[in-house]
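Provided herewith is a single structure, encoded as structure tokens, for subsequent inquiry.
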Amino acid sequence: MNGFLHELGKAPLTAKFGVVVVLLYILVALFAPLLAPFGESEVVGWEYQPWTTENWLGTDSLGRDMATRMIYGARNTIGIALLTTIIAFVVGSTAGFFAAVLQGWVDQLLSRAVDVVISIPTLIFALLLLTIFGASVTSLIGVIALIYATFVYRIARAVAMGIVVMDYVEAAQVRGEGLWWIMRKEILPNAAPPLVAEFGLRFCFVFLTISGLSFLGLGIQPPAADWGSMVRENASLITFGDLTPLIPAAAIGLLTVAVNFIVDWMLHKASGLKT
Amino acid sequence: MHHLLRLFVQRLALGLLTLFVVSLVIFLSIELLPGDVAQQVLGQSATPENLAAFRRELGLDQPAHTRYLAWFGGFLQGDLGNSLISGLPIWDLISERLYNTFFLAGFAALISVPLAVLLGVVSALYRETLLDKSINVATLTAISVPEFFVGYILVWLFAVEFALFPSIANLSEDASLGDRIYRTFLPALTLTLIVTAHMMRMTRASLINLLALPYIEMAQLKGASQRRLIVIHALPNAIAPIVTVIAINLAYLIVGVVIVEVVFVYPGMGQLLVDSVAKRDFTVVQTACLLFAATYILFNLASDLISIASNPRLLHRK
Amino acid sequence: MKKFGSNLQIGRRGFLAGSAALVGLSQMPRAAQAQPQKGGTFRLSVNQGGTSDTLNPAEASGSQQIMVGWALRNNLTEIGSDNKLKPELAVSWSSDDAKTWVFKLRQGVTFHNGKSLAPEDVIASLNLHRGEESTSGAKSLLAGVEDIVAEGSDGVVVTLSAPNADFPFILSDYHFQIMPVNGDGTLDMSGTGTGGYTLDSWKPGVKTVLKRNPDYWKDGAAHFDTVELLLISDSGAATTALVTGEIDAVQSAEYKTLGLLGRDKNVEIESISGGFHPTFAMQSSQAPFSDNNVRLALKYGVDREALVKQVLRGHGTVANDHPVAPSMPFFDAGLEQRAYDPDKAKFHLKEAGLDSLSVSLSVSDSLFAGAVDAVTLYREHAAPAGIDLQVTREPGDGYWSDVWMKKPFFTSSWGARPVPDMIFATAYSKGGDWNESQFSNDSFQQLMLAARSELDDAKRAQMYGDMQAILRDEGGSVIPFFRNFVYARRADVHHGDDVASNWSLDGYKAIERWWKA
Amino acid sequence: MTETQSPLLRVENLQIEGLSEDRWKTIVKGVDLTLGKGEVLGLIGESGAGKSTIGLGAMGYVRDGCRFSSGSVHFDGIELTGADRETRRNLRSTRIAYVAQSAAASFNPAFKLINQHTEFPVRRGVMSREDAQKDAIDLYRQLQLPNPEEIGFRYPHQVSGGQLQRAMTAMAMACRPDLIIFDEPTTALDVTTQIEVLSAIRNIVEEFGTSAIYITHDLAVVAQMADRIMVLRHGAEVESADTATMLNAPQQDYTKSLWAVRSFKAAAKPAVAEGQVPVVSLRNVTAQYPGMSKPVLNDVSIDFHAGRTVAVVGESGSGKSTTARSLMGLLPPVSGNMVLNGAALAPEFRKRSKAELQAVQMIYQMADTALNPKQRIRDIIGRPMTYYRGLKGKQLTEEIRALLRDIELEPDQFINRLPSELSGGQKQRIGIARALAASPRLVICDEVTSALDQLVAEGILRLLDKLQREHDLAYMFITHDISTVRAIADEVVVMQHGRIVEQGAKAQIFTPPHAPYTDLLLSSVPEMDPGWLDRVLAERVAQSA
């Protein structure tokens, strides 16, 4: 942790900004019930009330407190996206490492299967699977994680392929170490930096995909507040120059920009380039 | 060149195999969807008798593998089949939408690909300057907001505030090219904003990655200017990663635009596919998915071939 | 608004007169409009339908199919702009016993393909909805028809198995469009009709283009040269397109932007009180909804006033868990209005032996503007009663096939019917095609049949009142409100003095009735 | 050649700083040098001495993350450290050129050689494209490239390393510059190739009277090429003098120690007793990569005895490392067999028992890739002990500490370090320790010293010798470096094209008559005598005549 703080101290301003924003979001998500002035879907007044000291950001189309919805939205949107990304990474990297170490037919089988999934349009595949399994949060997480695991698989496999040819992996193999040990001790620690950077990017994509699904009515279900649906619910106001839908969209944008700043910084560090 | 041809044939065969598996996956998925097309069509007025009659009419009473093989047999002979619901030949149903989809994708690609490469080169050239950082932040922001939001903002700005372009893509069949471009401008711009960032960042990153290589230093030591270094010495070697990311984005422009279609009421394939999934119209879903998968595979194949062609090490063996 | 109820004088003579029966519907008084003008292109956005919609009226359900169908074809009877039953392809009708109905066909009417309207066309068109093999959604409406035969060259005789005083009303239903028969006796369902427009291109889910029929038999109708009907399911996109002038009218305007929309001088908003209502339908044959206490708990758990205010922005009236709107004949104004009462809801839950109830209510934004909002608010209302109402938001496309009548508890929406019998027969009678709540009540069933043959209006009113009470107290549907039709048009689009309130967009006949100036 | 009336290049008090860990550190600490027209200056030093940085600095160029901090570089009257970009750029190619260490990496893979050659002569308007192409072909011919007419029309990957290095020299000559910086141009080459490149470079530099700075870590090479030699250490000059003086009478201790590096010789060991069973034997091993038409190893038989070192020597592609891979079970032989302690050894490592795997251990050439950068020394050394010998807890720690002491690293200081916190020599010691941790019988040392500076390499050789005696280990010592063979081998195996050319006791191999290839190999090893290159070339001409 000290090392991280030390690194952070030397990081460019954009990365510091990113870290601060992400931390802020996480805190808001964790302490949503404490921070929110009202209940998640509590109707506190008339629709589209202006910003007041009581309703900091006014009210939404149903008279629910916008600020409260934003805070709970952080929790739902980030929580689900984070969980989805984690599952995608666990599944995808395990399979990717597996393929890279074993190679041969295992690699072929996994890679071809991934080809198949990737060549089916993401949104349609998600639509099919979500219709089969129902649009619950669990199946949403499962389906998006499965789809994104295929992308992770490709990256993890490529990264691991670069590591597998290293002498220390060969040394472990001829020592007689088992597959699990090689994946866990030799490959994982060395594959971690690029995968963590990738994690940031994929988190953003998952986040945007879920927003997109919410937009199509397949994502997080009401009355749970999520930013994608909040944009959707209020989107037509933009036509009249009303700023309300900008708030959740800006929240989505700010988080992804922040994560990308951190990712850029990490990639920059990993690349070792000075300029 | 013959090893290239062989590679092409191999990859094509692999692509066909992938398509075959995709068709199986789609078939199985639709089988698993709750309710079948008969129930969807007859809906509220379904009785056991007319359900059975309907299924008989469409051959839905056959076992799954028979139906799949029948479809596959027809497909192999170039018969895409008829929509289960409207009974129209698939081609009649999708041809115009397919054209619309390709038109929009092509339009967006024509703007975004040159733009992305240009911006990538410029920001690599002026790396770590204010210009580079501004381009970086601008493109990052563009990929960081949900695409429907980009769409709405553009509508507000260009259709409502300044009334420059229509907010919905109300296309007529006999529209002139100019009219078409005018009416699809906002969706194309939305897509451009979404895909440009990805391609631009990859262009910049690939170029900058190359800058650490000895042959770039060599070019510098031979007296090449920064511009020459990037454009003449680095860019040809960065073609492979750039083309790969362009291929992915072009494929996305074709297969991934459901949301943009909804926002701009654009009659493309995405909306049809979503409708057909809802209606369990297997033949339409299957054909559309295979077309999309084939597009994806072909773009990837093309990008691989271009990558090889751009790399003398792979093109001319020892 | 005029109040109705006492002046219901639908007499036998009215029918026999063969002209028009009074259909009590509220009317907003409005200034006289300019004289109709011919010409122009009418670009209209509807929000119901899909790519696989067909022109087969037996399959018609959404506004895309209905409006296109009525632009191309006519029925025997129609509900006019003044909400009165009017002759259309039938110039007159008569019956002595409400069992045998004789319709006289209009002479000199030709189909778009040049064929003259003949009894065979009418018989074939109506038979599409009859018989074992029929898959029509209107099958139950004609279930009582025993026989349809021609009488001479311009007469059609319909024999019912039981009297039905409302039968001419029934024939104004959008399913019963008249199409020509082909030489081989099959129906031509390609879009050929007697209507004011011919089909230029039919691209369901995208755009349908219609051209004016220069030989239209109806006077003062079909003014536009060209009609473009677009399917825009995203209401935001539709509103924006209206504001920017890319379309001339939208089927429904979002309440949440009405205030903002109203400020636009180029846009006119219509708010027409009608019988359109949503239902929260419970499958009352299944647990837990098979227990009437559970149904009552859910009925007491909704704050109707709040929904009208918040979801409809006041563009509607509270409903009483039965589908008869105040604007309809035989509405029982004396029936006590159910009010929001979480304590009573709790009491009924307890009666059902439950401390709390957790149910999931399916809804989609495509049902009507504010549908998801309404359910979301319902959830808040029901919570104090110990009811955990989960909101399940379903995709719009496929809602009618995947969710409606499939899920145990779902939101539905109903258009207005001209008479109570039509909605009762379709949606609340045993064997009704769209009996979405699986309601089965013997006394309701008997009253319904008796009312059909009863020709004394006072007695009929009594019977229909009883039926409304049965539905209120035992029905399987929570009916929170009657919604006004709120739609919007560009200011340069005009309509006549009256606007029909049976459907949106002038009874779905804006294409025929409106003009541009 | 040695007159220096008006210096072409005058470097005064050159200081260059490099950014490391976010701090500016001086890497070149005030170097002065002058170079006359037609003069060749040798810069010599170990890695980190700042040779390349000075060489590039002489062109007015610093790498990314470096900067000139003080001093000046005058090239023909132009001060380069303060000159604008344009000025510096215009001097390059036309007046100053650079030849990089790895020609393979320094040619742009996307273009044909000749197009890279003619790029700047044409751009700077020195000559037309046609003339430039003709001139390139002439230069190729002069540099004795095969097929000079065509070779330029190939892509870099289609040309061998030695030829590329000559092509790069030709490219540097394209505009007939006044000064060429040669940055270790032959380091990556095999000795037999190196000799050709050296003679080509020397001839052409002499022919055009070009001044040159020749950077290398190899004394014998610099002795052939330079008129004057400057010895560098830690970014500063140790001493400089003309070549003969420097070779014969170095003044500074550091220089002397460099000169003395090759003094180590392992003490002779008694001959193998009759009938002693080898620890490991390869018998008629032939191996082939799947999908390749020709075997990479052909009928290779070697015996490895306890306590003795077999040096396997050969150039790249000779099959020496492949032999090791077969032995390790990574490339199972297609015919022939392997024997461990008299019992058959499974061809594939996956089929070998723990004891069999334990018996044969390997030390890799590149310690950087051989040690997992994310594991601490404790784990790297401890794992084989746990895995093979079941050591745990305190006993394990004790054993690790003992082993660290054995390889002369202080346990307290090193046990918890990561590989990135070690120097090159220390990393290689850890590699050795990991092999020893398994308590093996045979240790394969694959070019273990070739990536190291000479002084460090010698320390490793001494350590290996000590450990061999202590543990009675058999060594398979793979190397391309003849002097290393002389230092450590008991038996020598000379390989070429996957076959054994000659094998036997060290004395026997190094005493004439040699097999022809052995002869070529031995005679190609540069010697410290400045006349060596001329002599060898003359001998070869005489022989072939």
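Read from first to last, the chains carry the letters A, B, C and D; within each, the first residue is number 1.
One rule holds in what follows: contacts are C-beta pairs under 8 Å (C-beta built on N, C-alpha and C of every residue); 3 or more make two chains touch, one makes a residue touch a chain.
In this text, all values refer to a predicted model and were calculated from it rather than measured experimentally.
Q: Looking at B-C and A-C, which one has the bigger number of contacting C-beta pairs?
A: Higher contact count goes to B-C.
Q: Just give me the whole-number Å value for how far the CA centre of chain B lies from that of chain C.
A: Between these chains, centre-to-centre, one finds 41 Å.
Q: I'd like to verify one number: the distance from the centre of chain C to the centre of chain D, where each centre is the average of its C-alpha atoms, in whole angstrom.
A: Spacing between the chain centres: roughly 89 Å.
Q: Suppose each chain is reduced to the average of its Cα coordinates; what separation in Å results between chain A and chain C?
A: 45
Q: Can you compute the centre-to-centre distance for chain A and chain D, using the mean CA position of each chain? Integer Å is fine.
A: The answer is 47 Å.
Q: In chain C, which residues are in touch with two or more of the other chains?
A: Residues 236, 240, 243, 395, 402.
Q: For chain D, jot down the residues that touch at least 2 other chains.
A: Residues 64.
Q: At least two other chains touched by the same residue of chain B: list those residues.
A: 34, 152, 155, 160, 167, 211-212, 262, 274, 277-278
Q: Which pairs of chains touch one another in this structure?
A: Every pair of chains in contact is listed here: A-B, A-C, A-D, B-C, B-D.
Q: Which stretch or stretches of chain B touch chain D in the complex?
A: Against chain D, the touching part of chain B is residues 211-215, 217-225, 233, 236-237, 310-313, 316, 318.
Q: Where on chain C is chain A touching in the complex?
A: My answer: residues 235-236, 239-240, 243, 254, 256-257, 260-261, 310, 364-365, 372-373, 375-377, 379-380, 390-396, 402.
Q: What residues on chain C touch chain B, complex-wise?
A: It comes out as residues 43, 50-54, 59, 61, 132-137, 139, 201, 203-207, 209, 228, 230, 232-234, 236-237, 240-241, 243-244, 246-247, 395, 397-398, 400-402, 404-406, 433-434.
Q: Quick check: in the complex, which residue numbers of chain A touch chain C?
A: Contacts found on chain A: 41-43, 46-48, 61-63, 131, 135, 216-218, 221-223, 233-237, 239-240, 242.
Q: Going by the contact rule at the top, pick out the chain B residues touching chain C in the complex.
A: 34-35, 39-46, 49-50, 53-54, 83, 85-86, 93, 96-97, 152, 155, 159-160, 163, 166-168, 170-173, 262-265, 267, 271-272, 274-279, 281
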